[in-house]
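Same chain, two partners: subunit A is paired with subunit B first, then with subunit C.
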Partner chain A sequence: MRDEHLILRVVIKLMFAPILLFALYVQFHGDYGAGGGFQAGVIFAVAFILHALVMGLEETRRVLPIGALRMMMVVGFLFYAGTGAATMLLGGNLLGYDAIAPHSTHHEGQHYGILLVEFGVGMAVASTMLMIFYHFAGREPEIRDEDW
Partner chain B sequence: MNLAAQLPVLPIIIPLIAAPLTILLPPRRLKGLLPYVFATLVSWIVFAASAALLHSVATAGPISYHMGDWAPPIGIEYRIDLANALVLTLVSGVAALAFPFSYASIRAEIDDRQLSMFYAMALIAMVGLLGVVITGDAFNVFVFVEISSLSTYALVALGAARDRRALTASFNYLVMGTIGATFFVIGLGLLYQATGTLNMADLKIQLAGESNRMVEAGFAFILVGMGLKAAMFPMHLWMPNAYAHAPSAVAVFLAATSTKVAVYVVIRFIYTVIGADFDFAGAAFNWLIAPLAVAGMMFASIVAIFQDDLKRMLAYSSVGQIGYMLLGVSFGTEQGLSASLVHLFNHGLMKGALFMAAACVVLRLGTQTCAGYAGLARRMPLTAAAFIIAALSLVGVPGTVGFISKWQLLAASFDSGRPWAAFLVVGASLLAVIYMGRVIELMTMREGAGGRTKEAPATMLIPLYILVAANVYFGLNTEMTVDLAERAAVALMGDAR
Partner chain C sequence: MTPTGEIAALFGRVIDLSLLTMLVLVAYQMLRSRHLFAIVMMSGIYSLLSAALFVSLDAVDVAFTEAAVGAGVSTVLMLGAMLLTVRRESPARSGRAAIGVAVVTLVGSALIYATIDMPAFGDAAAPANSYIGAAYMERTAAEIAVPNVVTAVLASYRGFDTLGETMVIFTAGLGVMLLLGAGAPRGGRAVKDRPADDRGGEDQPS
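For the complex of A and B:
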C-alpha cells in the first residue's frame, strides 16, 4: 500500500504548503481585491481534502482530528459574531467597527473589523468544509438499525 | 455599553453567540444538564430583553436601531413597533417555556450524543424567528427566514431516532420550505428592481402610487412564498407530518411560533411595505386571501376530525387557525387586523399548551395516537386537565383566550359588513368542538388500558401549567393583548396610508 501512487503522494506533499500559502494570500488580500474569508476557507480545506484523497482519511484525521475541527468551527464563528458584539461593549452599535479605533481619521476601525470578521469566516468555512468531507468520506456503508 | 440603547439587538446577538458555545458543552456529562441549563438561561435572558422592548415600545413609541452605524435606507435597520414587539414577546416567551420543558422529553427521544447540537440548533432556530420579526429590512427577513428554516429542518429530522418517517417529513419540509423561500426572494428581487431599496419603510415611500406588473408580480411572489411558510391553505401539506414526527419538544416550539411569524411577515409586507390601499392588495384581500382563509378554516378542520394521530390533528387544526388570522387580515380594517394579531398571540398560547400536553403523553405512554388517549383523565389527571383547558381555549369557551380572539373576529366581520364571515367562523369553531371533543370524550369517558401512570416530571408540568394559566389569564384580563393589538393595528394602518 505504501508504494502505490508514489508520484501522486510526492506531488501532494509538494503542493500542500503552497496551497495553504495561497489560501492565506486570498484571505488577507481579500481586503483590497478579489477574495476573502469564504474563498480562502475553501482553498485551505482543499489542501487537506487532497491529503485525505491520496493518503487516506485516517492519516488526515491524525493530522486534524474531528474534535479540533469542531473547536475551529466554534472559534471561527465566535470571531465572526464576537467582533460585532465587541463593538457594542466598546460603546458603538452592533457591527459599528469605528468603535475599535475611535480616534482614527480615516476609519481605521473598519479595516480592523473586517479583517477580524474575515478571519473568523475563513476559519469557520475551512473547518465546516472539512467536517462535511470527513462525514461523507468516513460514512459507514451500511447504517445499522440501532443507529437510527 | 449603554444597555438601553443596545436593547433591540440583544435578543439576536445573545443567542447567536450562545449557540456555538453550547456545542462545546459536553452532552453526556451530568446527564446532559450543562447544555440544557445554559440554553434555558439564554432563552430567559432573551425573553427579559423582549419584554423590556415591548414595555419600551408601548410607552415610548417605535425604536429604530442602525446596524454598524449605517443610516437606513442604506444600512440595515432594526425597527421595533408594537406589532413586532408583540410577536417578539410571544416567540421569546414560548421559547422561555419550551427550553425548560424540553429536558426530559428530548432526552427520551433523541440520541444523548446529539444533545449539545440539539440545543445549539434550537437556539439558532429561535434567533432566526426573532430576527424575522425584529428587522426593518426586507432582505434581512429572507436571511433570518433561512437561518430559522435550515435549523428547523435538522430539528425535525432528529425525530428519526423515534420514528424514521421524520426523515421524509423533514425532507418534504425542506423542499417546500426552500420553494417558499425562493419565491419570497424572487418577490424581493422584483421589488428591489422597481425601487432600488430594501428598507421596508423606504420601500413603502418608493412604491407609493406605483402600480405596474413588476410590483404586482413581486407582491404575488412574496405572498405565495410566505404563504408556504405559514402553511396557508392549500400550501400546508408539509406541516402535519413535520409536526407529527418531529421530537415532541420541537413540535411545541414550532407549532407555537414558526407559522405565526410567517403570518406576521405577510401582515408586515401587506401593510408596511405594499400598503393596503394598493389596488392589487385590495384585490388580493377579496379574491385570494379571504377565500383561501375560509377554505383553510373549513377544510383543515374537517380533515382534523378524521385524524388518528393526535399531533397530526393538532397540526391540521393549526392550518384552520391560520385561516382565522388571514381572514382577519383580509377584512382590510383596523378591527380585522387587530383581531388577527390577537389571535396570532392567543393561538401561540393554546397550541403551545396542547403540544406540551401531547409531549407529556408521549413521554409516559409512548403513544401519540388518539386511541392511546383513552382513559387519560384517570391515568394522568394533571396532563389531561391541562389538555382539556387548552382544548376548550381552542374551541373558544368564554374565560379563555380562544373566546377573546373569536369575539374580536366576529365583531370585526360584522363591523366591516361581512356577516357571512361571522357565520363561517362560528361554523369552523363547531368543527373544532367535534375534533377536540372526540379526544376529550376518549380521555374522560372511556376506560383505557393500564392503570394510573406516573405524571410527567415537574420540569414539564410547570411550563405546561404556566401556558395553561396564560390561556386563562389573557382570557380574563384582555387589557394587555387586545389593547396592544388594537394600537398595533392602528399603527400598521397608519403605515399603510
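For the complex of A and C:
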C-alpha cells in the first residue's frame, strides 16, 4: 500500500496544512461566524485521520503519539473546568465570564471566557475523536486493498 | 410578494424537495444493500445531504456539525468498526417481518399525524421562536456582545451544559480506551480476538 496511491498521498500532503488552518479559523472565529470548539476539534481530528488513512497509522502515531492525545483529552476538559473555577476565584459565578474583566463596558470578559472555554472544548474533542480512531484503526494493522 | 421573491421561494422549495427525495432514496438503498462498505459510504452521503438540508433551513451551525461529525468522523469510525467484523450483513430471518412492518406503519402514521399540529416553518409565534429563544435573541447583543447567538447560548448562557457535554465526550473516549485499548496504563497485555492467524503485527496501541 505504501508505494501505491501516489495521487492520494500527494493530495493529502497538500490538503493537510489547509485543513488544520481551517480548523483554527473555525475555532477562533466561532463567536463571529458558524462553528466553534466542537466543529473545530472534529476538523482538526479529520486532518490527522486523513493522514492515517493514506500514510498508515504508524506514521501518524509518530507525528502525534497516543500519550500526547491522552494528555490533551484531560487538559482540554480541565481547561474548560479551570476557566469556570477561575471565574469563581475572581469573585463571580461558575463560568460567569464577566468576572474576568469586571470594568469592561463592552463585555470583554465574555469574549475572553468564550474563547478560553471553546479552546478547551476543541482540544478535548479533537483528542477524543483521534483517540477513538486510533483504537478502532489500531486493531487492524493495515487496510488491505481487497477490503475496499 | 415581489416576483423575485416568488422565484427565490420556488427555487428554495425545489431544492428542499430534491434533497428530501435524495434522502429517501439513499435511506432505501441502505436498507436494501447487504454490502456493509456500501452502507457505510451511503450513511456518509445521507449525513452530507442532511447537512445541505440544514443549510437550506438556515441552521448553519447544525449543518457544520452534521457535515464534520456525521459525514466525516463517524463514517471513518464505522469503516474502522466494519474492518473488525465481516464485510457483508447476514440475511435476516423473514418470519418476524410482519411485526416490524406493523410497528413501522403505526409509528410512521403517528408521526405524520403529529406534523399536522406543528407550527409552520418560520412562524414567529411558534414555541421555538418565542419565550426563551426570543429572549436570547434580544439579550445577547447587550449582555454578551457576541455576534453569533448560537455561540453565546452554547458557551455563555448554557456554559454549564456545555461543560457537561465536554465531560460526556471525554467519558466516551475513556470508554473506548478501556474497551478496545490493549492493556491497562500499568502494563497490561495486548488483547487479541483470535489467536494469531493471518493478521500480522502487534495490535498494541500504546
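Operating definition for what follows: the second predicted complex is superposed on the first by the 137 of 148 C-alpha atoms of A that agree within 3 Å, B and C clash if a C-alpha of one lies under 4 Å from a C-alpha of the other, contacts with A are read in each partner's own complex, and residues count from 1 in each chain.
Following the convention adopted for this analysis, a residue touches a chain if its C-beta (ideal position, glycine included) is under 8 Å from a C-beta of that chain, and two chains touch if they have at least 3 such contacts.
Predicted model only: the values in this text are computed from it and were never measured.
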For A:94, is the partner it touches subunit B (first), subunit C (second), both, or none of the two (neither)? both
Touching A:85, do we find subunit B (first), subunit C (second), both, or neither? first
So which one touches more of the residues on subunit A, subunit B or subunit C? C
Between subunit B (first) and subunit C (second), which, if any, makes contact with A:77: first, second, both or neither? both
May I ask you to decide whether A:132 touches subunit B, subunit C, both, or neither, giving the answer as first, second, both or neither? second
Could you give the residue numbers on subunit A that contact subunit B in one complex and subunit C in the other? 73-74, 77, 81, 84, 94-95, 97, 148
Under the stated contact criterion, what part of subunit C meets subunit A in this complex? 37, 60-61, 63-65, 68-69, 72-73, 76-77, 80-81, 83-84, 87, 143-148, 150-152, 154-156, 159-160, 162-163, 166-167, 169-170, 172-174, 176-177, 180-181, 199-201, 203-206
Please name which positions on subunit A make contact with subunit C in the complex. 26, 30-39, 42-43, 45-46, 49, 53, 66-67, 73-74, 76-77, 80-81, 84, 94-95, 97, 106-107, 110-111, 113-114, 117-118, 120-121, 124-125, 127-129, 131-143, 147-148
Touching subunit B in the complex, subunit A uses residues 70-71, 73-74, 77-78, 81-82, 84-85, 88-98, 148
So, in the complex, the side of subunit B touching subunit A is made of residues 1-2, 6, 9, 13, 16-17, 20-21, 23-24, 65-69, 160-161, 164
